[in-house]
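Heads up, there are several structures right after this.
Next, two complexes with chain A in common: one pairs it with chain B, the other with chain C.
For the complex of A and B:
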């Protein structure tokens, strides 16, 4: 076990950021602690200051704000599950949350922690990336917003500079007919994803796809979007998407994946499954939008 | 000193920065019904209720629980006056060695508070965050359904 640390308790976002700025890399935020506790005990992470975000108010809201879906960094996976009914996209995120952890760890684990931990197999990254989510970041020099795909820079690496924290995830343009679906294969329900894929579809009033997102998890150091699959889907009807286009999108997923072989699965298996899971995700979006979800 | 509310009593205790809530409950307050098995959030043995929600107390810092309402198995019933969930586990033989039982009972309490009339499938799903090494799961699901019946009256 690593050395003991000093416990800091900010009660505003500004204070949290000040503490992080003044201690730099020697300080780590502590949200639900479901990754932190294990990493600290195993000596994988070592820090002198623990900045507990539990007592910072207003970071745990999940709400629709105009045509934006806003999810606070400290909202828990359990909150996502309980808020499923808010919107078709929270429905998909709630379903994702229920695949993750166990009930009694979902009540601790936060959305911000899942993203900031930046594991290639984190389950929330693909659906949020497919939806075109943005990360709102607060630092000593103020606020900035970046696409979630740019938030991840490598295995366990994010674009957060010293002194910065993630405050919120914003999914823009969620009005109208939208649907999303996330699919993964894992050895057991408490195991991490071996490979995963998410799809997002938005229709215009004539029933054509105007926006599409396809994102893969656990096949590269960060979540990757399959731009060619997205381009294929745009302009299609739901029927076309389901018949043939989903299949081609799956082939693009295979071409985009850069999977590795490890103790859990082979590169070949992971690569093949990206196509299967992408087709399933697109098929599910189509079914939801046709009213058969 | 940190203020903790546990089973309806307020305590002022010294808690070190890295001390887990499960360690605080066991070592400082002597609440040995809080069992720690895997210590990694997977087995559910250390489940307690925090503001009515089930949480694995091994992954939470003791200091993070300040101001929250904590319930452990010791706050559920007594030998002479068992909680209906405890009665149901005894009647349906929802355990063998009993080590995992406090965690299961706390998870059951949280579940039935939110879903008083569950199906067998819902009960089984709700108990999936706890592991019984003796393999009493089918009896545990029966215990949950029996407890629901008792509480509904």
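For the complex of A and C:
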């Protein structure tokens, strides 16, 4: 049975970081608590200080800021769903959020918590990674921003150093014609992904793909980007992307995957599905950009 | 005599009344085992084995006992040297005997002032094992040189049902199809945990726990501790869904051992992991079968061999498979079942035991036969499934305490059997009307494209339709009979005392409806006690779809007896000593059955007079069954036929259930809301078994790997069509209360074959259950 802990309630980001710095590894941030509570009860995690971020203002915004999409770490999965209409990319992220857990849990679970939990099967990692999202981190030495793909360093491991907290996810360069899609295989309506893939496409004014992202979930310790698939897509028309290129991108996905066998699925199945799901994600992006989404 | 007629229009039975505890459930006021507490209660925790098989060489609890707050530790040295037997042999053994038989098996228990201290104390108990070889594979457990899990050996006697002749069947077959299928163990995975509180005060033992079988639990405590049943009081609390999990479980006995040792009330509350990995599960079952068919669509041969694992403490010899009755039209049949012990968590009867597994194998072979002769699945079932009045197949060799059931029945006198339905023949109902009406509602014939042919294809999405059928018993006598007591109070209100479970199936409501109907009072005048063995007569609890049929019968019989007594006195006091048979109670008023006779007296007035009359020989009227219930296993079955359309994504293997229609024949419907709930719940249970559910055991030590709902995938309501429809065919039963029969299990048995067949039709390949996305892709690749 888990130990007791001291509950701390900072009201500014600075205060939160100070608390974390002074208590070091014996302290943990509390966001929505939906993963952490279970881990605490099961004895997987153990801490003496719980720093509740709920009362720190301005951490839960989801907004467009120029050509950036900014998502506060304390925004909930339900907020993401509710903000679907904000932008084509929040449309994709909202759809992703709706695949996650249940409405009740989504009202508690936060985006930052989901990312900091650093599960290989986390649903938000592939679409955000495909979009080229960045993680804004605040620590005792100030602020830094790193690509989300570098934020994850292993299973349940992140690049956060002692005293640091994730404050925001920033997706840069979201103006113009963009689309994203996340696809996964799961068992029941409430499940974590057995395998997943996300795609992101941005068009230039001539209708050619100028930026592309493909990212896979649950096939490696962290989310992985399929660079060769992205390179293939850049410069293509939507028609080319849909006819043939998507298929080749799927083959690159298979080559990139480094899946394992566990009780949820086998390595072979996961690997094969990366191709199907990547093709579907690209196909969906094309359909959205062609106005058939 | 057992035949009831319906002399009047029913007023309470058949009505859609909400379950009586709905308000308490919705407001959270209803107390389940985990919610319950008693004064001066302390807390217990169980030390569990970390190895699959081992003999305890030494166990040192001194450090644990020295921990402040610890009140006592029990080990096998405290355990009485007595075997106790759980309901339907789901447990057989001592409470503790110094041998660990699976990872998670109970080894010792600690009582302490808090749960946390008890848990800390567990870590201080030092156990040294002599490690024994373990057997984790069901087939290997059969071998002579396999490690033996139990003193009695691993292998139980074969149970066999035979009719006709196998050789003749082979000769008559134009086609013979075969299969072997291994079913994973389904987890009960009930939402809600359980806890047990026991108080051992002087010679009196009181236990509060969620249980479907209060009386059998009382018997179990009596056996385990060698104390008189009169000293044992069980107060069975409602459980969350149970499906057979919470009957009489050994952790309850362990709680009693602690209570006996420390002489304080102790509560052991199980974690959800313990509930899912250390109590009970469905058997792992392996069916090998052959089925033969002649070109005219007649099944000529049904030849099945079924192996089921009992886990560590189960002791079943068979799994009550009523599929051989369902497919009783087969000309020749031979069904063999063996039970075998393994070093895996104990297995036992789970909803639709046998019929959800072996029945599914039988349905699949029947479908394969139907395809050979190109007959659609509805027609093929109508041709080969049993019809009302025909001979039943499987009860013949059943053991009764007085020999086989056949011998028992043969010895009965005609007087004893007066009014009984014909023994060993189906008394009423079948799948036929369900299939006819269901096919019409589902427009099956229009939508049927042929075997292995999708009803539509859209890209990677293939749709297919399917139909499945299921049968089960309506209670079985061999575990003990049923009884009820009905008490009519001074004010004309009624207390019913019926030992049964409240696992969400609504028996408190339906049994009250039966009593109200028979006594001619409104439902709000009836209150029922279902859990307290100090108040209730011993009665076979809520297992084997017993409650509505057999406990309902006993409740009606008790109400009839009370009514007879009331009318006899009323006739003398108020009706000029008329023949009591000419009187009746309607809406709480005693009156003549002759509509022109205006004499009447309220039940309340009659009962008051009875009480205040010093010459009266009683104060209240107490009724009990004073007639014999015929053995229901020898004539009564429940029936389900279900239709579905599924969509299979042939690229990912994902399956969605798009449409579901469930037909149910459980005789007279006592409460349509309650029965609909049972049918849909059963269908979802069967659908879960078809699609995702299955326990994964560690291949090295047999521990349950998916011991939580993260990786034990239950269907959510969102996985099942929200507009699933239920329809009833009400073939009245000649014995059941107002014509009602059992209901809980056949719906679970019918769903899996319907979904499997629909998937086959969608993609043209059979997929073994659970049909996970990966299993579907594998089957498609192997095609």
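Quick note on the criterion: the second predicted complex is superposed on the first by the 293 of 293 C-alpha atoms of A that agree within 3 Å, B and C clash if a C-alpha of one lies under 4 Å from a C-alpha of the other, contacts with A are read in each partner's own complex, and residues count from 1 in each chain.
Assume a contact is a pair of C-beta atoms (placed from the backbone, for glycine too) under 8 Å apart; a residue touches a chain by one contact, two chains touch by 3 or more.
On a predicted model such as this, the values are computed, not experimentally measured, just so you know.
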Next item on the list: Using the touch definition from the top, say if A:108 reaches chain B (first), chain C (second), both or neither.
Entry: first
Item checked: Touched partner set for A:52, first chain B, second chain C, both or neither -> first
Note to self: After the superposition on A, what does A:34 contact: first (chain B), second (chain C), both or neither?
What the structure shows: first
Item checked: Most chain A residues touched (candidates chain B, chain C) -> B
Check: Looking at the overlay, what does A:75 touch: chain B (first), chain C (second), both, or neither?
Finding: neither
Notebook entry, point to check: When the two structures are overlaid on chain A, which partner does A:232 contact: first (chain B), second (chain C), both, or neither?
Noted result: neither
Next item on the list: Check whether A:190 is in contact with chain B, with chain C, with both or with neither, and answer first, second, both or neither.
Entry: both
Note to self: Going by the contact rule set out at the top, does A:264 touch chain B (first), chain C (second), both, or neither?
What the structure shows: second
Margin query: Quick one: is A:5 in contact with chain B, with chain C, with both, or with neither? Answer first, second, both or neither.
Written below: first
Notebook entry, point to check: Taking the two structures together, which residues of chain A meet both chain B and chain C?
Noted result: 189-190
Next item on the list: Give every residue of chain A touching chain B within the complex, in rising order.
Entry: 4-7, 9, 30, 32-34, 37-38, 40-41, 50, 52, 54, 78, 101-105, 107-108, 189-190
Notebook entry, point to check: Once bound in the complex, which stretches of chain A touch chain C?
Noted result: 1, 185, 187-192, 194, 263-266, 269, 272-273, 276-277
Notebook entry, point to check: What part of chain C is in contact with chain A in the complex they form?
Noted result: 115-116, 119, 651-654, 691-692, 696, 705-706, 710-711, 713-716, 718-719, 772-774, 777-778
Check: Which positions of chain B touch chain A when the two form their complex?
Finding: 16-18, 20, 39-42, 44, 47, 50, 53-56, 58-61, 63-64, 107, 110-111, 126, 128-130
